[in-house]
Each structure stands twice: as C-alpha cells, then as structure tokens.
Amino acid sequence: MRLTVKQLAKAYGYLWALRHFDLTLSPGEFVALLGPNGAGKTTLLKLLAGLTPPTAGVIELDGRPLTGTATAERGQIGLLAPAEHLYDQLTALENLRFFTALYDKDSSASALEKALLQVGLSARAQDYVGNLSAGMKCRLSIAKWQLLDPGLLLLDEPYGVLDGSGIDLLENFLKEHCARGHIVIMASHHVARALKLCDRALILHQGRLQFDQRKQTPWPAFEHAFGDFLPRTGP
Amino acid sequence: MGRSTKTVKRRKGILGGLALVAVVAGLCWSLLVAPPDAYQGEVQRIMYLHLPSILTAYLSYFLVFIGSGMYLWKRDNKDDLLAHAAAELGVLFTALTIIEGSIWGKPTWGVWWTWDARLTLTAILLLIYAGYLMLRSSIDDEQRAASAAAILGILGFLDIPLIHMSVYWWRTLHQPPSILRPDKAPWENVHPAMLTALAISFVGFLLLYFYLLSLRYRVGEMRQEIKALRLERGV
Amino acid sequence: MGAWGYVSLAYGIVCGAILMYWFLLKRRYNAAEAELKRLRSSEAAANHDKS
Amino acid sequence: MTLLRQAYLLLRKDLLLEWRRRDSLLTMFFFGTLLLFVFHFAFDMPPDKVVELAPALLWLAFLFTGTLGLAQLFQAERDNHCLDALLLSPLDRGALFLAKTAFNLILMLLVESVVIPLFWILFNLSSWNLLPQLFLVTLLGTLGFCVLGTITAAITLRARARELLLPLVLFPLMIPVILATIRCMEMVLRTGSFGDAIAWLRLLIGFDVIFLTIGVLIFDWVIES
C-alpha cells in the first residue's frame, strides 16, 4: 500500500481547515500526526478516509485515485475512532460479525472469538455495545480493525479512553500492522507515546504542514518545531 | 481581468437592452395590435403572458436538470450555479403563471381557482422547485447542499411526465390547446396578428429570461470569487 | 371588473413582479460587485506592500 | 450479486435493531390507529359514504405514518456516527439504498396490514373480499413511497429542520403515487375489479420501476451529500 496526497485542501465556510497538503507514504510507515487543537488533524483523517469531499487536491492509493465511487479502494482504508462506529444495540460479537461480513472477510465464529479473546473481551461477547464502557468499546474497535486488516489505518486520538493494558494492546497491534507493510497514521496529543512508536512525524499548524521528517535520535529539528507549534506542557 | 469583466458587462447590457425592446414590442402587440378573441374577448390577451411564462418556466426546469446532471458528473461548481439560478427563475415564472392563470380563470370560468389539470400541475411544480430552494438553503456545507439539490433537480424533472399524466387523468376542464391543435395548422385557427403578438411576446420573455439568468448566474459566480478571496487571505 | 380590468391586473402583476425581482437582483449584484472590488483592491495593496 | 448480498446484510441488521428497539414500528402503528380515530370523529358518517372516502383516508394515514418512519430511517446510523462506518466500508451504496427501502417497506406493510382491517372493523364495512386487491395496490403504492422516501430522507439527512423539510420535498413528488392508488382503490371498492383503473396500475408500476432503478444508480451521490 502506497499513499500519495497532492495539494489536498479543505475549506469550511471562510476558513481553510487544511491547505497545500502534500504527502507520500511507502508501505510499512508509521506516521505520528501532531498539532494543537484545531490544527486540521481530524479534517485530514476524514479526508483520507473519504468521509469528507476535499475542496481541492487528489488522494491516491497505489496510484488509483480515491473518489466517492471507488468501492474497492475504500475497503483498504480504516478509521479507528475510539468509541464510535459501532452499533449500540448489537452485541460485541454481532458488531464484529456484521463488519467482517460487510468487508467480505473471515466472519467465522472461531475467528471472531479469537479476536475478542485477544482484546480481553471474551466475557462480554454477548453484551450490547451500548452497555460497554468507552475503554471496552475502544478495545472492540481494535479487534474490529484487526479483523478487517486495512492497508491504511487512520487513528484519531486513540489513547484517551484506554487503560494501561489497553494501550499495550493497541501499540502491539499497530506495530504488527506496520510490520506487515501497512501504513498507519495516528493523530494524537500524547506526543511522547506517538514519538516512541512512529517512523515519521508530521506537525500540522493552522491547516498547514509545518514539519515532516523521519525519526532520528537525537532530534533537535523536532524539538525546535515542537516548541514552536505545540504547547510545552505535553504529557 | 478588467477588460474581460467589461466585455461581459457590455454583453449583459446589450442583452438587457434587447430584452427591454422585445418586451415593450410584445406589450404593444399583445395589448394594442392583436384583435380581441372572437369568443373570450379582451381577456384572452392574458394568453400572451401565460404561454410564454409557462414555457420559460419549463425551460428553467430543463436547465435545472441539465445543470444538476452535469454537476454530479463533472463536479464543476459552474453547473451548480446554473442549476441554482435557473431554479430561482423557474419558481418566479411558475408563480407568475399561476397568478395569470388564476386571473384569466375568473372571467372565463367564474372562479379564481379551479382544480383543473394544468393549474394543478403548475402548482405542484411550484411546490417541487420551492422545495428545491428550501433544501439548498437549509444545508450549511456548500458542496453537500449542491449535491443534495442536484439529486432533487434530477428527481423532480423526471417526475414531471408522471405527475403530468396522473393529474391529467385525474380530471381536466381546461380548453384544449388551441395553437397546437393537430388537425389544423396553427395559422388556420388564429388571427395572424395574434400569432405575431404571441411570437414577439415569446422572444421578449426569452430575452428577458436569459438576461435575468445571466445576472443571477454572475451573482453566484461573484459570491464564489468573494469566498475564494476571503479564504485566500484567511479573513 | 371588466375584461380590460383583468387584463391590466395580470399585466400589472407580471410587470411588477419581474421589475421587483430585477431590482432585488440588481441590488444583490451591486453588493457582490462592490465587495469583490473592495477585496481585490485591498489584496493589490497588500501585494504592493510586500514588493 | 455483491449488491444483493450487502443489501441483505444491511437489511438483516436493521430488522434486528428494530426488533430490539421497536421504536419506529410501535410509533408508526399507534399513530396510524390514532389517525383512524381522528377520521372517525372528523367525518362522522354512514358506511356507504365511508366507502367513497376510504381510499383517500387510508392513504392520508399511510403518508403520515410513512413520513414518521422515514424521519427515523437513518436513526440507527446517526448514533455513534455509524453512517460514517458504513460509508468507510467497501459497501456499494446502491445496496444501502435497497436495504433502507426494503426496511421501510417492511415496516409500512406491517402497519398497513393492521390498519386496513382495523379501518374495515371500525367503520363497519362489509367488503372484506376486496382486501386482496386493495393490498396489491397498497403494496405498489407503498413501494413507490419508500423508494422516493429513502432518497429524500438521505438528501435531507444533513439539513437543518430535516423532519419538516422531508415531507415538503417528498409529497409533491409523490403526487402520481397518491392519485394512482386512490383511483385504483376507488375502482376496486366500487366495481370489485380494476377495470379502467388498470392504466393507473401501470402508471404505479412504471413509477416504482423508474425510481427504483434511478435510486440504485444515483445513491452513490445521494449519500455523499
């Protein structure tokens, strides 16, 4: 999976939420998407997921443009929003079964149960998702995307609701995912965690890409940019 | 830029002038030159307004349909502007058609309103395209509003023949169309001066229509330019 | 109301409505044009400052 | 084939959700029944007069209950942004259209199969033998309503005051269906067969076929808006 973004832009009313955004990602890259509130991170993820039509610009997956009608391409993109995109009145197991069938993936009971076991939700398999806590919903989302196995996985602030073991679970999943040649883009305010995982960091500020470098240690350029665009009191 | 806007403006001025001349000529012919109708008397002069206005309304709906289809296909904002402008004028001319029909109906049928097929059909068209304008104005995101309206523009136009058929079967007491009666050539039915008046009136309405349409279209275009300029400077 | 009464009512309403629409449209047109001119000139000024 | 498989998947999910929540079906059912009572008080009249008015009254009830159902049609998808989850998936949007249309159709048919007999009971009508023909007309009419209703519900999804806008946009487009069903039902009730009304029936079928096809073709753009 190779992702190419050219001159992507999105305007809301009289404001650019994102502008002049170029990016090329190769297989297996883990990208940390950083920036203060309102920098355009969520907008970028929504655009990449094809949920919002761009005002201008092109997104290509393996050289094929992503448009509203590109069904096969859409199946290659996943968006992990922590406690969303699940049906409250379906059980955890039914949610997984529904989505795997929709994506035409393995929806056998054994595969689903294995996925639930991995995220520690075996005991809650028959509970309605509406009755699960936010952290459990997030774990279920992890299981969901593990099963759907998208070539490009986008994450929007996944750390907020997870406990310690949940975070380990997520990070292991993401590492494995990249190791198999898939791309991960994670937007987060947990700069330290994101930096530890990533191969490359992007900083968005006021809708512009201000910083884009591969990870180095030490990394004075990032420290400098970090001071300019992000609040000093990071976690 | 300056020169081209000037030529555009001059062209609009010429179109407007021509429209004015044609409309005044149409008024002279239909009110002064054309003889009164043998059966209906002077009241029949309303026809010189009625026929051209309903035909311009239908022309509008056709343009809405074309603009909507082109917009969904090519995603060019100009097509959407055309559809929007045409819909607004369509509503205006349909409303005028209904008012004229009603005024014509009072002396001929003795009532302001009768549920005759053609009047009813026109009223339904007014409702559909008024709904189109309301739908547009109640969706905030411009691209989404344009797509939603385009869908309605297409559905509405394709529905017209079906509505036409059903309303006619339901009931009809309108006089049969006298100009396009198939068994006789038009000039055998009607006094030639009447036909001339109708033709001039027609040309007047069409010129006026395209003049107003170009003005309305330009307003939309300028609003988009304003928006683009504001965006450019982040105001 | 005689026949001419109805005729003049119809012609009057149509002319009035179209004139009204034209007037409102012209006002929208002028407002947009003025706004555009203002934005363009201030942009030109900004560019001039830069150079 | 994928289209039908995906549509089936979505429909099964919607029916399961409705079975667990029962909110749309129950509201629609009670509203339909309530309207019959309102009609009774509004038009207090002997059975032979009621027969003349029955088609119009029934369709009025179906239109209102149907609109109620349409307003709820995408409710399951609005919670937790599940619509985004569907849009994100490699789902053929035509399948979404078919599933939602079928779902709404099933709900409305369930309600109608209670409301029509109830109408006969409450207004003391005796022509029970005509109900099969009336159901056929109702089925075709309701299909037309659901097809256009699903499209309009989808385009008004992100509008302000969408519950008000939906009938405003939908009802004028529904005129052929309303007129055709009422005329067909009148003919059946008067003569016991379709007779001349067969032309109306054809119009109804034409309407259903045309807009069902258009819906599958353009729903990609519909749902994007």
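We just call them A, B, C and D in the order they show up, numbering each chain from 1.
The rule is simple: a residue touches a chain if its C-beta (ideal position, glycine included) is under 8 Å from a C-beta of that chain, and two chains touch if they have at least 3 such contacts.
Keep in mind that this is a model prediction, so the values were computed, not measured.
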If a chain touches chain A and chain C alike, it appears here: B
Pair joined by the larger number of C-beta contacts - B-D, A-B: B-D
Centrality ranking, top chain (CA atoms only): D
Relative to chain B, chain with the most remote C-alpha centre: A
Length of the line joining the C-alpha centres of chain C and chain D, rounded to whole Å: 44
Intercentroid distance (Cα basis), chain D paired with chain B, Å: 33
Whole-Å gap between the CA centroids of chain A and chain B: 50
Averaged-CA centre spacing for the pair chain D and chain A, given as whole angstrom: 40
Contacts with two or more other chains, residues of chain C listed in rising order: none
Where chain A touches two or more other chains, by residue: 53
Numbers and ranges of chain D residues touching at least 2 other chains: 221, 224
Touching chain combinations (by label order): A-B, A-D, B-C, B-D
In the complex with chain B, residue positions of chain A that touch it: 11-12, 14-16, 53, 55
Chain B residues touching chain C - in the complex, by the definition given at the top: 27, 31, 41-43, 45-46, 49, 53, 92, 95-96, 99-100, 103-104, 106-107, 208, 212, 215-216, 218-219, 222-223, 225-226, 229-230, 232-233
For the chain B and chain A complex, residues of the former touching the latter: 141, 143, 227, 230-231, 234-235
Complex interface listing, chain B residues touching chain D: 72, 124, 127-128, 131-132, 134-135, 138-141, 143-148, 150-152, 154-156, 158-159, 162-163, 165-167, 169-170
List of chain D residues in touch with chain A within their complex: 2, 6, 9, 13, 16-17, 20-21, 76, 79-82, 84-92, 220-221, 224
